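Presented below are the structures under discussion, each in the form of structure tokens.
Next come two complexes built around chain A: one with chain B, the other with chain C.
Let's turn to the complex of A and B:
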């Protein structure tokens, strides 16, 4: 089991780390709002944790791209390093519409823990 | 929670990176240095691109410019391109001028400091422009070191020369040097002593920036180079040979 010390992220309490361990035990795919909801931290803090894991190569990061007309399903999942889309024209595979305006695009993050067993501690 | 628009997404990423006490290699290379997230630290500036073009035209004697002002303008625009920049001021004292003092306190500026290996307690960068034919002398280099140490002791950890020429003692392209001399030695010693950095952005670097390279990436590479150089043994290539005392001193030597 890989132990990960979160002491440098000083906004996580012992209680929150315990809740985080419970979450990661059953879910390796983490989104910022899921971590925030499960641990009671703020969205920014959840994102900081996920970027911390990404930076330490404990998680792979992805950026999910949504069409504003149907925000329940993303239509594109790309590696985090590719950043936000800059497009002239794009085809949405969900509604089969052409997207011509970048303002019609929305984003979220997904991080996948790439180690078998991870235990967080402070 | 619904997905966020581009601005909110960038802000979330920015705040997350700022919350990290130090940035590892993956966050640096795969996020901050990637094309996809390039606008987290810097913004595009058509004016800078135009003035860089003017500079290279001036170098080739295709146009008239005030050389000093042209380089100062480019320096201003280079730092103005940083997303989080706050104030860019110019100071002059009894001593010769130091051209620009740049600072900021936004999340983007703190992230830049973190990216540049600088402590966030000192958020000021001191910039001096030199559009001269000869390389930056050790005296000029030492002067900026002195300003950083004495005037901005707690508030600045980076001094930047924007110069047409490199500084003395810096290796020329194609030549490998393992020894340190002149300004290069001053740079390494100053860093070892104070933990502050003085770097030179010269004509070649401006050429790279003009060709699309990121200014922040060039600064970071130069800072990293100084960090690495402090591990080199300071083998000065000034040849110290013992010589006879000059006559005006020699006469005292044998006086007893």
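Let's turn to the complex of A and C:
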């Protein structure tokens, strides 16, 4: 069991840390809105937590790329450190269309906890 | 604005005799719309006057509007689409901020609904909480489910969130070879349902709440989980079932609850709230 101290993220209350532990016990694929919904923290606070975990090498980070025509499903997931692909090489595998314009793209993040058992504390 | 089309600017304040503590402002916005002319049967362009209302009370500012369908090009007069209000409302709010010279803060709607209201009312005697719809995304899976009976659609009924939780709970029981009494089975099903709603990345959630058959609230809460996306998830807002209970009554309930319910999490705005 790896214990992670979140004292430096002072916007998380004890109650929220407890809810966060409940979340990661069953779901280790964390998008900012997943953390926000489960703990009640704000979206930017969830993102701060995930960047903190990524920085501490406790989570692997990914950029999710969505096509604006179907925003519920991403069509590409790339490691954060690899950055974005050039627009001219993008093809949406969901609707099988070539992406013509970068305005047709939307992005989100996912961080996957890479430790078997993690317990957060303050 | 009453006797002519008006211009796209804020009109007001207007004070209603039945509510002298609130001030209302109205802004008409003109939306191009194509429809078939009754006589010529050819597409003709008209303007829809869409009204956005701002209600200002002590410490709280709420914006109100109604959705509609329209045709944004000549070729789609027979297939109207939903008007993308999410492309307009955030800009209107920004404009209002400039007008009043204050920075507004959205309430934390997901904390309010999924934790504050949820923790208090789901277990409260006399209250009936009904899950109606969830839109969620997690781990590459997108979920869009209505509760059984909510849409009156056979296919949707089969895909209801209660049905999903029921099926999963039966599967778990069967796989583990468990023998559960009915209350235990129901507890497991409820727990799975709550996991789907609270821990699977809800982007929006619809529920109703009644107290001894008295209607309290029936609304779809959009949590604003995808800022800058061209979708209803771009900003926090509430779609009230106004035929069930008026939106101003439901808003009153929401504001009262935000002000009075116990706070389990310390993350509230220190500036005037906004809906």
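Keep in mind that, in the parts below, the second predicted complex is superposed on the first by the 118 of 122 C-alpha atoms of A that agree within 3 Å, B and C clash if a C-alpha of one lies under 4 Å from a C-alpha of the other, contacts with A are read in each partner's own complex, and residues count from 1 in each chain.
To be clear about the criterion, a contact is a pair of C-beta atoms (placed from the backbone, for glycine too) under 8 Å apart; a residue touches a chain by one contact, two chains touch by 3 or more.
All values derive from a computational prediction rather than experimental measurement.
Contacts of A:27 after superposition on the shared chain: chain C is touched, whereas chain B is not. Once the two complexes are laid over each other on the shared chain, residue contacts for A:93 go to neither chain B nor chain C. In the overlay built on the shared chain, the residue A:16 is in contact with chain C alone; chain B does not reach it.
In the overlay built on the shared chain, the residue A:40 is in contact with chain C alone; chain B does not reach it. Applying the stated contact rule after C-alpha superposition, one finds that A:108 touches each of chain B and chain C.
In the superposition on chain A, A:80 contacts chain B only, with no contact to chain C.
Using the contact criterion defined above for the overlaid structures, shared-chain residue A:8 touches chain B, although it does not reach chain C.
Contact with chain B, but none with chain C, is seen for A:55 once the two complexes are overlaid on the shared chain. On chain A, the surface patch touched by chain B in one complex and by chain C in the other comprises residues 11, 32-33, 43, 45, 71, 74, 106, 108.
Across the complex, chain A is touched by residues 108, 110-111, 114-116, 135, 137-140, 142, 144, 195, 198-203, 223-231, 264-267 of chain C.
Of all residues in chain A, those touching chain B in their complex are 8-9, 11, 32-33, 43-45, 47-48, 50-52, 54-57, 63-64, 66, 71, 74, 80-84, 102-103, 105-109.
Of all the residues in chain A, the ones that touch chain C in their complex are 11, 13, 15-16, 22-23, 26-27, 29, 31-34, 36-43, 45, 68, 71-74, 77, 106, 108, 110.
For chain B in complex with chain A, the touching residues are 1-6, 9-10, 12-13, 15-17, 19-27, 30-31, 34-38.
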